[in-house]
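Data block below; observations after.
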């Protein structure tokens, strides 16, 4: 069936294959009147572009985006925004000998089972290039969110056994009381003194460093030392003709309380779907995630606090999770919940993690079968990333932005008074 | 917005609050002509019924289901099946003093933020009783699946630090080559000798024991020793006026290869949404899940194998993951992928795990705020489960069944030849 | 598949059969905080209740509605509102002999073709009683719309050859300049003098009479003379053991300009679906409808006018179609378009007409076949309306209300500035 | 919100504006394994191409389609098919002076009301060029339907007062017993003798002529004389600087009984939405449509007949409405219902009519207002069709094909036995 659309009010529909003529996305339902140009989108696409470092595939694609509709005189019109990226560097012959065999860890076999045949060139529709449409659409969602004061940031948390220092991570530095639990590793960071914190509970220099590193290191790690260690680890894996897995994390700041719908359209449920739909993701965690299963209730519950009352005695503890706008000065002392209670945002930072399997394409000989069911030895050629995570980070950020924005749009009129406010005579 | 519906062709819509008159579900799109009676559904509801053991709330509800429509002369008609369960044991006064305060870990605050006010009695719509509709609908989905040779089974994997012995778990016993990796604990089980295995790679007696235990132990653990240890651990937690978390697992057997749709409607993406939408679930894993992030590709890839060729040398290894029907005798030597590649089933067993937080209602005094933002000390009364997992297991099983069946229905005509087969003159 | 749900944000799901235990509806996505009680809904249900006059079936049903969820302390909570109506007067034996034959004009044959068998009692799910859920849900939608200043009113326009006098019709009286064209009959009414008009271009006494008549005459005609003629015509048809068709009309006042979405989610497209989905409706017209096909552009175009400028010279002409709020003092001189241009409301009155076939159940002997394909003569017993229109009028009103409200909800954030207004810090 | 998608399993998403860079459509959910090339699609696009006769706009567009994805080695892969048509002949300056005024009958005003501003060039998204995506997608749907033995044919029924001779129309010639009622005009045709009829009740030569005329006359009328009269009428309208309306009709042959879903997803409800969503359509009729409102039940009911029994005496009467496959030799003696009972196809020919308003762009001076609300006189320049119908006929055909195919896909598994047949081991 039609599986290439996502979202209800802000709806994206992606298309295209690894070795087809082009890939793209239709973004339908974007609010009208927002300034938008190709550079807004290109900046995001460049973050997933291949060939930019030693740890990505050497396939050369400029991945230039073209806006074909939905923008007039520099502003969104409210009608569908069609975005296209031409493929340039297809070397289909790399895949000729894969035509009749099933690569382990890839979708070759399942596409054949489902459709009776497949476009075998570079994985066809199951290729990582499919995410171009997601990223282009996510760039637009992120810009809408920015205009509402909501920011979405993803980064690499670990590659193989190498994890970032919790004190270097956006979430961990900024929120000392929550960080200790949200990491599956048990490393505690020393709490920052309050003089180091700005209004949002984060030192400006730390914030700058965090952003600069996650956007510029080849691994997308916001930690220079971990980045270096991970690069060495990746180099070793390449020499071994092997690949490695990793973990990425995404945080949403500034989201008001009250976003998400009960029961099936919970914010965390939709985030789980959005993130699990990214190829190679095998686990999704919200807040402290897996760690909650061995907790006691007395440890895991986040106390609500009054910002005003407690700020005198312990400002760093609660300031970062203050909800402020939504219901006055109510915050949480910790954020094990990752900003979501009962499927609805609580005004704290949203925290999501995704665990990514190693690239299935490795250069070592592998045992598999061909379409006739005969066992063969397979040696994969072509150009492949030794790790998927660094290029998937921006995809996670974009899927999160799309999901959060759509939740804000569908929930805009949850209260009768909101509806009346909009349609007041 | 409307968040109480789930599914595309097989669509369920649930309704009802903890302390309202009743709860229920509409199951629309169920294929016509299937025998169905109230007992089919009651059997599932009884598995989530409260008050059945020391580790569940003592609220007494008979939770009797009534079929109001959609079944005629004992068979489904294809039109909506309306199911209702009356509430009987509401003690709303238990909640009077909670009216104006926000319980930590509950959705009180977020419902107020979203809707401006809330039904505070027992959590209202955010109560665990909301799952009655899911379970009633899931019973129907499971019966349709059974008629297609597909079985869905969930059970408790761990409670607090107590895990079942991998050799006692359905997945681990049945699939020795995959079990070692799918457990986050590193305990290996001795492989069974081939003489102990039936055609599906599982000894009949083991299968019987597994089913009996998961359905009869108070913890839903398919391991008598672990069940006992967990019961002791729970007893201790109760004495401490505390609660505990845990992990549950669900396996799907008999699902043909080719189910699920690429990109956004991937089978794992929809399962992640379905399971994450269950209250208290904070993480979802597919196959080896979190563990893949520290793997090498050479370890994590599942080799495809020809059943015929390899069966002579190592039958127990591949028989359990034989795809058989879909594409001839092609199987996988291991199942790290949990039966899904590229979002589409590969014919192997589907494996999903969910991590559940401790019950947020604990009897210890807790720090929180009231609706005015004033800090208060809260002492919760009422009747609460000390652990959510055992009663959530059947909910996970049901959400899985609904998701898998809907994927089979929407994907029924992926190939033109399937469509032609149905509509042939 | 699941065909019993309608709407995106305000979503209704109906269930139930003519001779089952009960019928009902889930209303999901209703904004929170609106006062709602059973009487609000009962008032609408009473308008479609059978047995109230000589021209409806003599089946006696009290059709009492019960609210089972979604309302707390007299207000909607934002969660699903479950409504149930018990069947009381099923006489299934009336239908025993119909079990194996296909009634002309009914859905017996097509249900068998689709599902393989059917609930033959009273048409099962294809019965007119299915509309109970629509009406109960529509009562809620109408109440939300009322709070936004939008009113929806339906009435009978014709029964057989008997039409209401255009000057007695809500649309025609109220909007003299548009009325002449919106009627397919060519009867002109003398324009009212401006002194007879209130601010909305309608004399208060006329408005009162119109409302009183459409709600109290057995035919739902807002014209006492036509009602009498139609009653005589119906009496004759009953004596002939025959049934008759008719036409109903619905008008929406107060809808702001800008509601509806381009291309496929046009307001008129969704209204057409909503109204055509009512059993027995065979044609839907918007504005002047069928009549446009023989028009010239110079006749059919509605001129935009400035209310201020022209009001001095010809106030009665434009006041009724003033858009006012949306874009200042812009109105239309006529309303051939029925208030919709390019699928989006233009601030004028919305006008929809539906043509309803004669009740297929007639007492004359008819030629048909049984399930074996043998030709038989059929004589229908039971209790049937000689005309469907009067009881369908409230169904049309309700489906219109649901459609319009949902369009207002999904379109609430079409402009970025609306979104920012709602989420402003 | 997102309004540019249509369909559930076979889902299309269109994009593009009249004077943007390009227009296109994503067709998602097309079954895999069907041969498809650009010429299949181009043949349909050529039918809506402008500049092909004296009665269409002189804007010159080659409207060449390019397939960008979803087709591999000449066959559909099951993944999204992206189709693009570049705009070539935009003369945006034609519209400069329209930037600030609201053209009567157009969507200028409503787009401004909804979005705050608009792309004023050629109507932007509300232009008739938007239908390029619908036609390209419909060509694919039609090809799938053809492989299932279902054909969809639309043609012009009337232009202004000029109607085709009922005996020349596909529906009227082919189905003498039903034709007399399905026309709103009261002209009867002499019944054909049975020797003139082929198996489907249609003389081959008549069928050929019908198809040739509807596809080749400038008016798309399947009647040479009416075409000539209509051309003369149009010429006169052009000389008067005016435009005219008309009526188009679409028939579906070969559709099995049982397609469509009860209540809200009725086949006629979805057809009504599909057709009403085409710009300028103001009324939709199914079967005898408007005419039913003045009928008696005894006239309007279609008797079911046994084909075998009655064929000896009156073969021409029932052969055309034989359902054959679905439920043995059961047919209908007439087809007032237009092939749909209770929202589900009955195996007879599906008949839909749409009434189209005159082109709102006329060259006569018109009264309107500008964005400031000031009244102005407007004289429209540019290139416009004097009648919309001939170019809309193929759009109606395509929307019908998309709707019918999607209904066949979503209903494929209405019976449990169909599901079991597909997934049988």
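General observations
Just so it is clear, A, B, C and D label the chains in written order, and each chain counts residues from 1 on its own.
FYI, a residue touches a chain if its C-beta (ideal position, glycine included) is under 8 Å from a C-beta of that chain, and two chains touch if they have at least 3 such contacts.
Predicted, not measured: the structure shown is a model, and the values here were computed from it.
The chain with its Cα centre farthest from the Cα centre of chain A is C. Two chain pairs, A-C and A-D, are weighed by contacting C-beta pairs, with A-D ahead. With centres set at the average Cα position, the gap from chain C to chain D is 26 Å. Rounded to whole angstrom units, the spacing between the C-alpha centres of chain A and chain C is 46. A straight line joining the Cα centres of chain A and chain D is 43 Å long.
Along chain A, residues 1-5, 8-9, 14, 32-33, 78-79, 114-116, 125, 256, 262, 409-410, 413-415, 417 each make contact with two or more other chains.
Against chain B, in their complex, chain C makes its touches with residues 1-5, 7-11, 13-17, 20-24, 26, 28-29, 32-33, 66, 68-70, 72, 75, 77-82, 84, 114-119, 124-125, 409. Within the complex formed with chain B, the residues of chain D that make contact are 8-9, 31-34, 76, 78-79, 144, 147-149, 256, 262, 324-325, 408-410, 412-423, 425.
For chain D in complex with chain C, the touching residues are 1-6, 8, 14, 102, 104-107, 109-116, 125-126, 130, 158, 160-161, 184, 237, 240, 242-247, 256-266, 268-277, 279, 282-306, 308-310, 323, 326-330, 333, 337-338, 340-347, 355-362, 364, 366-369, 371, 373-375, 410-411, 413-415, 417.
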